[in-house]
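Structures are listed in the sections that come next.
In the two complexes that follow, subunit A is the common piece, with subunit B as its partner first and subunit C second.
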Partner chain A sequence: MPYNIAMISDNFFPQPGGVESHMYQLSSKLIDRGHKVIIITHAYSGRTGVRYLTNGLKVYHVPFFVIYRETTFPTVFSFFPIFRNIVIREQIEIVHGHASLSSLCHEAILHARTMGLRTVFTDHSLFGFADAASILTNKLLKFTLSDVDHVICVSHTCKENTVLRASLDPLMVSVIPNAVVAENFRPLSHTSSHSSHHRDAPGPPPRLGPHDTITIVVISRLFYNKGTDLLIAALPRILACNPNVRFIIAGTGPKAIDLEQMIERNVLQDRVTLLGPVRHEEVRDVMVRGHIYLHPSLTEAFGTVIVEAASCGLYVVCTRVGGIPEVLPRHMTEFAKPEEDDIVAATGRAIAALRAGKVRTELFHNQVKQMYSWTDVAQRTERVYDGISGVLSHDEFYQGAGAGGGWSATRGRAGVQSFALIERLKRYYGCGIWAGKLFCLCVIVDYLLFVCLEIFAPRSRIDLARNWPKKDFKDAKDKEVDGTKEGPVIGRKRSARHRREKREDSS
Partner chain B sequence: MLSLLQRLTSPPSQTLTTLQPTPSTISFTVSTRPVPKTLLALFTYYLSILVRILAGTLALITLWAKWRASSGKHTVLLSMFLGRVAEAWIVKLVETLPWRYLAPVALTVIWRVGRRGYTEESLLIIRSLGLQTSTSSSTYLTTSSTRFIPTTSIQDIFIHEAFKGFEVRFYLSIVVKGEGDVVVVFPSLLPRREILEEVWRGARAGLWEVGGSGGARGKT
Partner chain C sequence: MSSTLSTLTAAQNLASASIPDPDRLAPEDAYYKSPPRRPRQRSPLGLAPGDGIALSARKRREKERGRSTNGRRKANYKKLLWFKQPFPDNYTDEETFLDHLQRNPRLQPYEFWSLMADSTVIVQHIASVAIFCCCFVAIAQDRVPPVSVVSWASLCTVLGWALWDYWMGQEEAEAAKATSSPPGFPPSGYNPPYVDSTSSLSPRNQQRLATAKSGLLIYAAVLGLSPILKSLTRSTTPDSIWAISTWLLCMNVAFFDYGGGTGAHLPASISTNSALMASTVLASRLPSTTHVFSLTLFSIEVFGLFPIFRRQLRSISWHGHLALTIVLVISACGGVFVTLTGGGRAACIAGVILGGILTFFAMGICSWWLIGLQKYKNEIHGPWDPARPVIRRRWD
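And then the complex of A and B:
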C-alpha cells in the first residue's frame, strides 16, 4: 500500500551530515518502492522555494529564521498554516520527523497529530541527562513524543537513551540502523564487485612487512564530543611507540587549533598530514589511503563513518561508547575504552594484527555490503508505516507483545488509535506538574488555530499538487506483498536477492 | 454560520476568458470582475455606472464652484449648463461649507468613484511575434501595465510553485533570455492550478504549436 510521506527536519542538504544523507537515501529508496515522499526543511542561503531532487523527490525549503547551527527559531505555532497548506496540497498521510534538536520536526509532529495524521519520529543522537541544556531538550522531546505513533532509533543504545529521555514504552520504539551506499565506498583494489568476489575470496591477503608504513586515517569533525582531545593526547604516544606509522586527519572544527599546536610542539609535521575539511564524496578517496581507521568519539548513536571505513577495507579502532559496539562485527574492529592509555594500546594491537596478517581487510567490503543497505532500511521503515496505519494488525506489528485485547501498554501510552483531543490532552498532562499543564495549553491553542484555519483557509481553496510521473512498479509491488507477509528476518534475505536481481537487470 | 464566515473571507472568484480572433492569436484573460447574469444584476450594474458618473461629476462641480466662489470669480459656466436658479443655489450652498470639510469629502468621492474594484490580468499570444502580459491598474484613470516579450527571447514557459505568505501557490512563468528572474504571468491574481494549466497548454500551442490537449503535461 503506497503512502504519501513527508520527511521533516531542519537538517537537509546542502548542509552535509549523517541525518541529511539518511533522509535523502531513505526517501529515494521509499520512492523506488512506490511511495510518494516529500521533504520539508527550512530555507538555506541559495536554496529556497520548492525544488526537485533526483527521482522526483520534492523538497520544500520553508522560509524561516535560523538561530543556531542551522536550527530554526522555535515559534511553536507560526509554522502551522504553511505546514497545513503543504500537507493538504500533497495529500500527506504520514509525517516522519528526524533529529531531536530540530524544532521544525517537533512542531510538525504536534501539528500533524492535531490534523489527524500518523507520525513517526527518528532519533539520530544520544543525549545526557545532567546538564541544563539536556534537561530542557529532554522535556521538549517528552512533549512531542507524548503523542507520536512510533519512534525509530538508529541503534539499541540510542533506543535505550530515547526511551529513558522521553519516558516511552519500549514497545513503540523500533531500531532501524543507518546504512551506507557500499558502491561509493570501495577499497582501492576493488574493480568490479562480481568478479573480484570470486577471485579474491580464497586469495592470500597482502602481507605487510614489519618495515612497511601503516597509515592511520581519522575523519571527523573536530569537536569535543568527537573525541578530538583524546586524539590529541594519544597521537604522539602512538607515533612514539610505533615507528613507520603515519596519520592522515581530515575534518575541521573548533579543536583544529589544539591539534595543530600539538603537532608543532612534538614536531610531527612529516608524520601527520592535516587535510582540513573534505566533502562527503571525497571521503572514500581519503580513506583508501590508509590501513587503519581510528575513531576516538566520546558519544555516538550509530557511527556511519566506521561502516564506511570498514567498507573501504580499513581495520577499525574505536572507542566502546554509545551504539558503536553494535555496528560492526568483532573481527573488523579493535575496541578501546574512551581513555588515552587504552586507545594507544588498542592502536598498537591493531598495528600488530595488521603486520601479522591476521586481519582479512580485503573481505570487509563484501561483508559490509551484505549487512547494510538502504533498500533494507526502507523495507523495515515501510513495515513501521504499515503498523501505525493499521495495515498490519496490532499483534502482528508488535510480535505478540501487549496482546490480549482491551488495554495494552502501547495503546495506553501512545494511543495510536485515538486522535480525539481529550485523549491527546490526557497523554500530555502526564508530562510533569507544570509542564503537563503548559503542554496541554499549547495543544489546545494549536487545536483552536486548526479550527480557525479550517474556516479562514478552507481545504477547498488549496490546489492539490500533481504527483511526479511514476514508473511502473508492478513487479516490485508483488515482491513487497510477500515481503511483508514474512517476518523481518526473511525480508532482509529477500532484499539481498532483490538487489542481485536488480543488478542483473541493469547490467 | 461557518459557511457564512467562509464566504465572507473568501477572495473574489476568478474567471478565465479565452479569445481566439484568428488562428495565430490567442488571448487569456483572468478577471475578478463579477459577470452580471440575471436581468436585475445587469440593471444594478448599469445603475451603479450611472451613479458613479453622477457622483464624480457632482464632486468635481462642487470643487470648481467653491474655488470660483472663494476667489471671487464669476460662475457663468454653471448658469450656462444648469440655469440661473441652480447656479445661485449651488453658490450659496458652497459658500456655507468651509474648505476643510468640502475638500476631503470631494476628494474621497472622486477617489472612490475612480477605483476599478476588480483586477484583470491577461496574456496575449501572437504566433511568430511574441506575447504580451498585462495587469489592469487599480483606477480607471491610469492605464494598465504591459510587458511585451518577443518570441526570440522566450526560452521556456512553465508552471512552478513558490511560497507566498502562509501558503504555497502555483504560478505560470516565462524564462526570458538574458534575464536573471523569470517573468510571472498573472502576478497579482495568481490563479488556481486548473486555470494555469489551461493557459499553459494554450500558450505552448500558440507559441510553438506543441503541447495541445494530449501528450505533454505540466511540470507542477
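And then the complex of A and C:
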C-alpha cells in the first residue's frame, strides 16, 4: 500500500549538508518503491515556489522569515494555513519531519497531529543536557515528541539521547542509520581498471613499503566540535614521528587560521596541503588521494564521512565519541580517545598496520556497499510507516512490549496513537508543571485554528494536485526484488513485505 | 504521560543500581561514582513490575517466539550499525540500552563549614555596598564632611596598596627561588608590559611609578569631571534616581565575580561599570563639586580597587580575610542602623550586635538550604556529550 508522505525540514538543497542529502536520498528511494513523496522546506534565495527534482520529487519552498543559519523564525501557528493547504492538495497521509533544530518540522508535526495525520520524526544530532540552549531545545523537542507516532534515530547513541531528551518510550524509537551512495565513493583502482592502468597517483597498491609515502586525508569543517584543536595539536607530532607521511586537509571554518599558523610555525608547508572548501561531489576525488582518513571529531551522531572514506578504500582513524564506534567494523578503523597523545599513537598504529600490509583496504568498498545502502534505509523506513498506520499489527511492530499494559498512555490499543483531542492533551499535560499547561494551551489554540480553517477555507475549495506520472508499481517492485537478490540478504525486511503481499493476494 | 516520565526515571535507575531511591541523591553518593557493571536487576524498559518477573517474562516470550520463528532470536544483540541484526529496528536491548549513562559523575558534596567560609566573600561584597550607601546618605545629609570620608578611604587605599606591593614582592621572590633562574633573566615568563629595560630603576620600582602615575591620572580626571557629573542627571527627579541607583547596585552585586583566583585582573566589568554608574547618578543629588568629587573617588576605591585587594588577601591569608569580613560586617551593620534610626552610639552598638547575628544566621540558613537542594541535582552524562579534548601544548 503506497503512502503519500511529506518530508519537512528547514534544511534542504541548495544548502549542502547531511540532513539535506538524507532527505533527498530517502525520498527518491521511497518514490522508487512506489510511494508518493513531497518535500516542504522554506524558501531560499533564488528558490521559491514549487520545484520538481529528479524522479518527480516535488519540493515546496514555503516563504518564511529566516533568522539564523537557515532556520525559520518559530511562530507556532502561522505555518498552519499553508501547511493545511499543501497537505490537502497532495492528499498527504504521513508527515515526516527531520532535524531537531528545525522549527518548521516541529510546527508541522503539531499541525499534522491536529489534522489527524500520522507523524514520524528523524533525529540527526546529539544534544547534551547541561547548557541553557540544550535545555530549551530539549523542552521544545519534548513538546513536539509528546504526540508523535514514531521517531527514527541515526545511531543507537542518538536513540539513547533522544529517549532521554524527550522522555520517550524506547520502543517508539527506531534506529535506522544513514547510508552512502557507494557508487559515488569508489576507490581509485575501480576506475583505473577501466581507463589507464599505469597511473602515478598514489592509489592503494598491494603493499606499501617502509619508504613509500602515506597520505593522511582530513575532510571536515574546521570547527571546535569537529576536533580541529586536536588535529592542530597532533599533526606536527604525527609528522615528526613518521617520516614519509603527508597530510591533505580540506574544509574551511573559523579554526582555519589556527591551522595555517601551526603549519607556518612548524614549517610544514611541503608536507601539509590545504585545499580549502571542497564541494561534496569532489570529496571522493580528494579521498582517493590518501591512504588514511583521520577524523578527530568531538561529537558525532553518525559520521557519514567515515563511511564515505572507508568506501573509498581508506583506513579510518577516528575518535571514540558519540555514535562513531557503531558505524564501522574493527578491521576498518583505529579508535583513539579524544586526546592528543592517543590520536598520535593511533595514527602511528594505523601507519604501521598499512606498511605491514595487515589491512586489506581494497576490499573495503564492497564491504561498505553491503553494509549501507539507501534502498535498505527506505525499506526499513517503510516498515515504520507500516507500523504507525496499522498495517503491521501492534504485537508485530512493538515486539517485546510485553502485555502492553504499561504503555497505554503513549499508545492506543491498536498500536497507533489516538487522535482524540483529550488524549493528546493528556500527553502534553505531563511535559512539566508550567510547560504542560502552556503546551496544552498551544494545542487547543491549534485545534481552534483548524476548526476555523475548516469553516472559512473548506476542503472542497482546495484543488487536488495531479500526481507525477510514474511507472507501474509492479515493474518497480520486480526490478527491486532482482536488485536485492544480488545484494545482501535482507531476510527480515523482505519477509515483512512478503507477508503483506500475501495478505493482499488473499484478500 | 506519567508512564512516559516513569520511563525516564526507570531508564535512569539502572545507572545507579546501588542507590535505594534513584531520584534523591545523598552527598555520599558521589563516592560511589560509576559503579562497576553488574547484571541489571531492573528492566530499563519497566516491562514488568518486579525484578525476577521481568526476566522470566522475557524468557517466556523468547520461548514463544522461538517456537514460531525457529530460534532466530538466539543471536546476540550488539550495539552496532554496520551489520544487519536479526531484530527489528525499534528493538531495545535491556542489557545494553543506556549502559554508558552517568548521573552526577563529578558531584562534590558540600560541607557546612566550608560553605560558610565561602559565603564570606558574598557577605564582604554586600557589606561594602552597604557601607557605600551609608556614606552617601551621610554625605548627602551633611552629617559627615565629604573630604574626611574620601581622605580616610584614600589612606586605606594607599595602605592596602603598600600591603599588596609587599605581597607581590614576596611572590616574586618565591617564584625566583622556585625556578632559580640564572641572573640576568626575568625570574618568570611574565614580563610587565610597561617595563623599560634601559631605565636605571629596577622593574619593581618602575611598576610602582607607573601605578602612582595612573593613580594621579585618575585623581585628576575625576577632579576635572566632577562639575560635569554634578549636573549630568540634575534634571531627573529624585524618585527615578533612587530607583535607577538601586537597580544598578543590585546589578553590581549580582554580576560581581565572586570566584577565587589570584592576580589583579579586574572583576567582571559589567559589575564595576554598573556600580560606577550608580555613583554617578547619585552624585547629582549632592550640593557641591567637592561632594561629587569625593563620592566619585570613593566609589572608584570601593568598587574598583577594594575587590582586587580582597581577592589577594583571601588567597594569602585566611585569618586576614576573616578579620576583614568581621570588620566590614560590623561597620556595615553599624552604619545601616545609624542611618536608619538617626541615633547615636547606642543604635550603633545595637545594630552591630543585631546585624552580626542576623548575618551569621543568614549565612547558615543559606548554606544549609544549598546542601538540602543538592539531592535534586541530576546531571546526565553519556556518550552523546561533546568530548573534551585533552591537549598538552597549545599553539596560540
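Heads up, the rule we're going with is that the second predicted complex is superposed on the first by the 444 of 507 C-alpha atoms of A that agree within 3 Å, B and C clash if a C-alpha of one lies under 4 Å from a C-alpha of the other, contacts with A are read in each partner's own complex, and residues count from 1 in each chain.
Following the convention adopted for this analysis, a contact is a pair of C-beta atoms (placed from the backbone, for glycine too) under 8 Å apart; a residue touches a chain by one contact, two chains touch by 3 or more.
Bear in mind the structure is a predicted one, so any value in this text is a computation, not a measurement.
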Original post:
Thinking of the overlay built on chain A, is A:330 touched by subunit B (first), by subunit C (second), by both, or by neither?
Top reply: neither
**OP:** In the overlay, answer first, second, both or neither for which of subunit B and subunit C A:81 touches.
**Re:** first
**OP:** Please work out whether A:279 is in contact with subunit B alone, subunit C alone, both, or neither, and reply first, second, both or neither.
**Re:** neither
**OP:** Decide which partner touches more residues of subunit A, taking subunit B and subunit C as the two options.
**Re:** C
Original post:
Where does A:62 make contact in the superposed view: on subunit B (first), on subunit C (second), on both, or on neither?
Top reply: first
**OP:** Would you check which partner chain A:175 touches, where first means subunit B only, second means subunit C only, and both and neither mean what they say?
**Re:** second
Subject >> First (subunit B), second (subunit C), both or neither touched by A:89 >> reply: first
**OP:** Kindly classify A:211 by the partners it touches after superposition: subunit B alone (first), subunit C alone (second), both, or neither?
**Re:** neither
Original post:
Can A:463 be said to touch subunit B (first), subunit C (second), both, or neither?
Top reply: first
**OP:** Applying the touch criterion given at the start, work out whether A:146 contacts subunit B, subunit C, both or neither, answering first, second, both or neither.
**Re:** second
**OP:** Mind listing the subunit C positions that touch subunit A in their complex?
**Re:** 1-5, 7-8, 11-12, 44-48, 57-58, 61, 65, 79-84, 86, 88-92, 97-98, 100-101, 379-395
**OP:** Spell out the part of subunit B that touches subunit A in their complex, as residue ranges.
**Re:** 2, 5-6, 9-11, 160-163, 166-168, 170, 192-193, 217-218, 220
Original post:
Which bits of subunit A are touching subunit B when the two form their complex?
Top reply: 48-50, 60, 62-63, 81-82, 85-86, 89, 455-458, 461-466, 469
Subject >> Residues of subunit A touching subunit C in the complex >> reply: 126-130, 146, 150, 152, 155-158, 160-161, 163-164, 167-177, 225, 227, 229-230, 232-233, 258, 261-262, 265, 298-299, 301-302, 319, 321-323, 326-329, 337-341, 371-372, 380, 383-384, 387, 397-402, 406-410, 426-431, 436, 488, 490-492
